[in-house]
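Shown next, in structure tokens, is the structure this report addresses.
Chain lettering (A, B, C and D) follows the sequence in which the chains are written, and residue indices restart at 1 in each chain.
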Amino acid sequence: MADFTPLDPHFADRVRENFNRQTMMHTIGAAMTRVEPGLVAIELPFRADLCQQNGFLHGGVVTMIADSACGYAASTLVPADQDVLAVEFKVNLLSPAVGDKLIAVGRVIRAGRTLTVCAAEVTAYTKDVNKVIAIMQGTVIQR
Amino acid sequence: MADFTPLDPHFADRVRENFNRQTMMHTIGAAMTRVEPGLVAIELPFRADLCQQNGFLHGGVVTMIADSACGYAASTLVPADQDVLAVEFKVNLLSPAVGDKLIAVGRVIRAGRTLTVCAAEVTAYTKDVNKVIAIMQGTVIQR
Amino acid sequence: MADFTPLDPHFADRVRENFNRQTMMHTIGAAMTRVEPGLVAIELPFRADLCQQNGFLHGGVVTMIADSACGYAASTLVPADQDVLAVEFKVNLLSPAVGDKLIAVGRVIRAGRTLTVCAAEVTAYTKDVNKVIAIMQGTVIQR
Amino acid sequence: MADFTPLDPHFADRVRENFNRQTMMHTIGAAMTRVEPGLVAIELPFRADLCQQNGFLHGGVVTMIADSACGYAASTLVPADQDVLAVEFKVNLLSPAVGDKLIAVGRVIRAGRTLTVCAAEVTAYTKDVNKVIAIMQGTVIQR
């Protein structure tokens, strides 16, 4: 993993403030729990109203927090006046999303002038077991 | 597009009933508006609590309805006693998700014995304009 | 499918000339058989030295012509002094690549200022049967 | 990264023998340089007949060795009488493929009963510099 130096010394505040404006994250009860240069973690406690037909967390909500973790990881490295948008991503759902909570960790793989390539891992936590349940690879554009 | 003959004559009822058990779809206010052999449409009216930082619908929610449309399109073609799970998908977000509502149309591209490959298109509708804002390609497994 | 108007009236000559500089395409024996605004077709006759372990054409060579078809489809729409590069793509391999020849057709889905989103379909041809064996979705950058 | 125990004690010989039957790998001059449980490396020396229009190695050939590395990484873990096929993959091309040689390292992320999820990294080597130029995420099916 590369070592990144943020262009904006206040990147953490900026990223958290931006996250707070995402009403979708409030609706699902997600929280941003780590903001570091090129890395962001988003945590989602289990809730019965976020499930698919078998009572597992919906694959779409797993993807949603992974996507947000990637986008904000990219955002930590852009200048203060720039925003980022997800261009595309691909997710492999490895196992059903069961557990007390999910944590998506997004990391910058390569930060370019226009595009940033990111990867994320989503881990499901229960009392005794942690299990990686999804991986993502995607691209973010600055503007 | 191939012409598909469902194995289960009651596929439409089965698929709608399964959709109704997805609490996540209720939470975002999505409705299944078409169920045909190898094709499902899911509609999502705009809501201010489903947005990203600029007031557009969140890319994650766009992806979520495309993923569900793909999964249920595959589900129309499986035997009555089988369920499907998304294995992986990839989405390209073409334009910001602005509009009065989104409709995701998922289609089966190839139905195999174990895996079904699907594609989806998400269109944003406003009074005068329709615009494709996202495309998805993905794989579903039967079990 | 959108209707595209090329910025460069000589796009077809430019694209064919560029294709001829790809030594990889000569090595596998691929030919560019259609060049239209936002659409390119690349044809690959079967050859025993392009196979995987079972004597089918290698998934990598299927992907290679789909990738080239997408890139050149995007290239038809850029100004005369711009080149394009593939940023990312995703392919689903639907069936083994058996047949006398493959044809990959790449199409522009959305042409933006910086990025172009494309899709491709690869069809295998034998005397009596045509079969879509792979689909691709990807992103190209102009520069 | 998980620790994998191969079901077939002769996995390395089996995998190398299978690789040798891929005529495409001979055509491009690729060699399998590591075969470990859940991990395979494939090396490709630069050759002027494998290039795109600017004299870089073609994105399709980068993808081809990553795809093979993933497939064979999965193959190390299957029973002796099973073969594997790539179902789908997604690649992000991070930088132009310049250098004396490329090495693609494919790893198993999750080995399931039917599907194996893999990831690959392709690194370009020159005298003084190593650079990751592409990452892949994909799915392989056993049969």
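Heads up, the rule we're going with is that a contact is a pair of C-beta atoms (placed from the backbone, for glycine too) under 8 Å apart; a residue touches a chain by one contact, two chains touch by 3 or more.
Fair warning: this is a prediction, and the values are worked out from it, not measured in the lab.
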Residue-number overlap at the chain A/chain B interface, same or different (half cut): same
Chain pair, C-D or B-D, that carries the greater number of C-beta contacts: C-D
Inter-centroid spacing, chain D versus chain B (mean Cα positions, whole Å): 33
Whole-Å separation of chain centres (CA-atom averages), chain C against chain D: 22
Where chain D touches two or more other chains at once, by residue number: 87-88, 90, 92, 117, 139
List of chain A residues in touch with chain C within their complex: 87-88, 90, 114-115, 117, 139, 141
Chain B-facing residues of chain A, complex: 18-19, 21-24, 26-28, 48-54, 58-61, 63-65, 67-68, 83, 85-93, 96
Of chain C, residues touching chain B in the complex: 90, 92, 94-95, 109-110, 117, 119, 132, 135, 137, 139
